[in-house]
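Chain nomenclature is as follows: A, B, C, D, E and F, assigned in order of appearance, with residue numbering initiated at 1 for each chain independently.
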């Protein structure tokens, strides 16, 4: 049995200020945020569903039994920079508040993808799920969960890519199978464990994995409104005029021959570049922003090849 | 010799309530269910066939000898979500009742597909079949079988894919061969052992495997009638109007540019999503279902590449 | 040196009732059967050829020396289900009677195709031929052979596939070479050892192997006459009308868009399916057979890719 | 844990005369040089940014928090001979003067790309980043950095090439992932560590790596002005006439069917070849240069294949 | 250092009756036979060349020095069954008579192509050439060679295939290189060692190997005259009429849609098949031969893929 | 650290008669020969350059500093048989005379390309360069070099092929990188070490290697004049008429559908074949040469595939 340190990055207890800040910065994803909260809430305390059925449908409903077969698996699909990884690692902050329970964030380590021997990937993934099962069980109690566990698998396509691709190695295929077995072991176990796969190549995820997903959320680059909101937030304090912000929103949108800016194109490149233009001799001006927005190219779209 | 734990997932004694429920939910597969029962019954007690021949054909018939050369192998082929795995793991429930015998469900473990060394796959598959042979023998008695064993090989294509594919590794080919040898060792042994291969890539199964199959059952996504039946069952208690159910049956059927819903699209996605829409503040409404059926996309078809 | 158990499946002494029954069921292959008997007879006792030459050609003929350079190698080529493996494993039954000698059937084990290390395949094949050489020598005596050995290599293409295919691994190529060396070691050794390669991909067998074959027999799916004969035999006792049998012969033949039934399609699928239709409540009827023959699809042809 | 010697070439303390000379020879890259200096300055002492904000924007600005999420990663992309590696290894010279701090140049060793076992690459890259983290921490103090560390990864495409390329080995993919993890561990750590990737195949760098880059600088072959400047410098002392230099600038520029000379085509081939023509019997003449500039072909462009 | 038994099949001292018979049966190859005899004679005693030069050219000629740089390497190229391997293994018989010296036939063993570890092939080939060097030296004396060594590499393409083929493994390439080094070590060493490469894929032999060949002989399937000669020899004693033989010569020649018979098609298939037709009841008739010549298909040509 | 014997073939001290003879036979390469002599002379004693600058340019020139950055690497590119390897291994003969210093010829051994384990290639190449560095240092003295070292890497493409080729193994790529590192370690070290890469696939050499080359020399098959010179030399003593030689020069030149003869086609095939025609019974005649020149095909051109 591999130790927890070999399987996961250091576990993080949520809420935690940095991640909460990121969560707050992810504007325009309210529907996804709501659904995640509800899903996790039911895993944390399945009795909530029964109470709801009793209250609103007058007792037992058949749908309740369906919940016993569902896998606590969510797929976050979308282009690089669309915020999917940021949300996966931060939605537990709000969840913790809502449930008034600690939420533990587990991030699958690279080593879990095998560190040498063929066949290792299979057993490491197996160990990772066994671990989640164990901690999930320990966190369960007669009065509902005592904590919620979130397992995030970033760049998940490397792990679970489709067996359709003929050139996949036997070993990779075994990794997909191990993942399927791990998810199946959680399905119906009703433990407070949520698994989130992030991928920018959703078409490469094995259909058998996709079929098990309780829900798939698709993330896109921020639209005008989202970019406006992010920009306003990021430029706070620089005394940039509203019409300049609107101009930049426009300049950073998609055009015929290139995509729009990603969240990180705005927060990690455009605004810092404006700062560097001015630093250390003068303040950032409206012209700096417009000039840079005209000059900087957005991160290219990750082309899915099949 | 590898231990049983390395070869199979924990063995499950059937009947068992969860699987029986799944079996019952698989509507519209009556012919397949009947045939499986008969096949297994004869393997459990070959004397039944002789009695039948005596009764209905007045004694010995040549066909009886043909049964001695048949392999107890069934191929369940079909798209993801068509219910083939669910049936493979649950038909033993009814069989147990019908024969009044315990039925043991063996599921081939991933590790059997090799865990590192080239060549291991061959010997693990060999061990798995040797194991089934042994337990089958132990379960046989002068008065017929004392139990029936079902070996399910899910995602079987990974194990037995066609040698036609030139890029297959030597090792994979050896796996196919080991499987053929295992099946041949059961053929004619007249042991109460049934082997079921599930695959969503039947075209990728080696012809030599297909030829040995006593029967191949093809599973499809549920048709209108099946969807209606599943929906009715799943919505029980929610007070949904019959015309709404009919509307949803229609919306979830195949259209020109996408396939119809799978069984699990209905039970694990559509109905739970409706619940989440309503939960925790209000009851599920007819509108929830219609809106979601219009919104949710069915699981994509697994494209067979050759 | 690898032990016999690692190289071959349990050796079977022929004649043996099950295999004799299969041999008898292989109708329409009389020419092939005759040739095999003669070839084996000469290997068993080369003096027969000299006697014949003396009797019919008045003494020594140059052709006698040619026999000293021939390899005792036969290639059985044909589609799945054409009876080639069945014949390979059963023709020794008749041979044993004809020669009044025991015939031992050796079947090359899967493990001989290597069980892990690159390079093992080469040495295992070498060991297998060394073994055949030894037992062949032991079975030879001044008065002719004391027994005949038949070595069957089923699915031989995996072992001896053409070096033309550029993507073949070096290791596979070495396997071909080891096989060539083994055959060459038997050629001219005049031991009572016959080697039979069965393959459904004759085009994939290395030309250097093909060139060494004393004869290549091509097997086809049964023609009308053969299907009639097999059906009549298999339906014996079921009181099926002759015109029904003729109808079924017609239905199971090849059509424009699919091939005809294989031997096993008839004996392992069509007739058993008819039995299952009737069992346990009623006798098999003529309609059962006709309906099933219209419904069941024959095993697809194994497409050779090159 | 791997030792520093296994991970990096001998660490070089900058400024150092040879590298400073190279830095000075890289004419026409002033904008890039300025930006690098500013970026490194802020990593060395983050308080400078706060002072600037206070002075020019009257206090706290939101942008300051964005700097906490940026990765100290720069991508130098460009054709062979465009000066990118030379700049990466020499810009620390000027930085050291500007900051009045020692700058340490770390160059990732080849061995870090794995020396045998699959999986090693992952752990070696991990170790390299852990090492940079440690030295970065040691160099940090309450009053700002005590030194700056520059990690140069030359030929970075081998390490971080895009997962889009389907034929990439699992192992290479794991290398990309390890690199991403390493960069993420530095992002926000605010240590005086700068990572520079040099590549002539920027299109082959994984988008997830590109997205993390604080800035990407594109290098081109020298233009007329740059070639003139380099030539003048290199020919100093040979008494070549200005119009000859201008003629050579023209001859070494790009034409329709070939690219222009690289920096090294001029300094390592053209001028030395002129010397060899003359040596040992006579001085270099204007004709030597013109003749050679007409004769020598520039280094071909590295064609990116995807 | 590997032992001789690991490198070569048992060494055969020539002349030896079976091989001499084969040599005699190879009709129509007189020019090749003559050249081989002369080449080997000079290697056995280089003084012969000087005597000849003295006698016919009046003393020293520059060409003599060229012989010191030649590699004793001959390539036998041709289709399967064209007699190239037979000649390679038998021309030493006549050579032994002509030189009145023993000739030793070495045949490179399969194992020399590596038996597991990558890199082994290189060292085994190296050992094989070192061995030939040693025995060649031992066989050399002041009065000329005391014996001649012939090293035959059959199916040489597997060993020395062209580095042009991009998919060749590094290991195979190293094998080519080791072979080149081995040949170079013999070139100019003036030892009584002759190396013969047989291949049916001459286009796949590395150009660097081809360039070192002292001569390349191309073998074809037998023409009319050769077939007539072989047939007459093989049918001796069967009282076949001359016009029947001529008819069979015609029938076994190439036609538009198939090649002609190989030597072995005639001696190992056609004539034995005729014997089997008659045996044991009657003599072979002219009709047997004609019928079989019409029926039997020649060995297919080995298609070179590049 | 690997021993010298594992890295290089036996080191040869030049001048040495056989190689000098080859050098002399390489007619028409005077320009290349001159340049090589000058380059090596400067490496042997860098003070010569300063003296020259002082004498002809009146003191220090900037170009002198450029020489400190150059790699002592030469690429010999050309078709098989164009004399590139012969020159690489023999130009040290003349150099030794010119410098009046011993010249040591190091030839990289095959084993250096790795003998089994992935990763070994990298370290062996590293060791080889470390070795050259050490001997170069030992040979350096205050008064200039005490000897010159030439390292020849034949068939260099196998070692340094372009990373552009996507199918290159990671291991091969590491070999390229190790080579680059080795060359960089010599650049500027001003040791009396010259590295020569020979390749017939110059397009396959990595651009980063090509860029480091101080010069690339392209070798072609001999032109009319060169063939005439070689032939005259090789036929000396055979009393061949001048017009016959001219006729043969013409016949051995390139035509529309085949290339011309290589150096070795003339010296190792044409002339020896003429000798064999005559030997042992008669002198070589003019007709022998003309007939053979019409008959023999030149070595095919090595086709570069990319």
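The criterion applied here is as follows: a residue touches a chain if its C-beta (ideal position, glycine included) is under 8 Å from a C-beta of that chain, and two chains touch if they have at least 3 such contacts.
Everything quoted here is computed from the prediction, not taken from an experiment.
**Q** Which neighbours do subunit B and subunit F have in common?
**A** Neighbours common to subunit B and subunit F are absent.
**Q** Among the chains, which is located farthest from subunit F on the basis of C-alpha centroids?
**A** Farthest by centroid: B.
**Q** By mean C-alpha coordinates, which chain is most distant from subunit D?
**A** C
**Q** With centres defined as the mean C-alpha position, give me the subunit A-subunit C separation in Å.
**A** 59
**Q** Mind checking the centre-to-centre distance between subunit C and subunit D? Centres are C-alpha means, answer in whole Å.
**A** So the centre of subunit C lies 68 Å away from the centre of subunit D.
**Q** Where the centres are mean C-alpha positions, what is the separation of subunit E from subunit F, in Å?
**A** Distance between chain centres: 34 Å.
**Q** Find every residue in subunit E that makes contact with two or more other chains and list them.
**A** Only 117, 167 qualify.
**Q** Chain contact graph: line, ring, star, complete or other?
**A** Here the contact pattern is a ring, one closed loop where every chain has two partners.
**Q** Beginning with subunit C and continuing through subunit E, what order do the ring chains follow?
**A** Order around the closed ring, subunit C first, subunit E second: C, E, F, D, A, B.
**Q** Could you list, by residue number, the parts of subunit C that touch subunit E in their complex?
**A** Residues of subunit C touching subunit E: 35, 38-39, 42, 48-49, 52-53, 56-57, 59-63, 65-67, 69-71, 117-120, 122-123, 163-164, 166-167, 170, 173-174, 177-178, 180-181, 188, 207-208, 210-211, 214-215.
**Q** What part of subunit F is in contact with subunit E in the complex they form?
**A** Spelled out, the residues of subunit F in touch with subunit E are 18, 21, 80-81, 110-111, 113-117, 155, 157-158, 165, 167, 169, 171-172, 200, 233-239, 262, 264, 267-269, 271-276, 278-280, 282-284, 299-300, 302-305.
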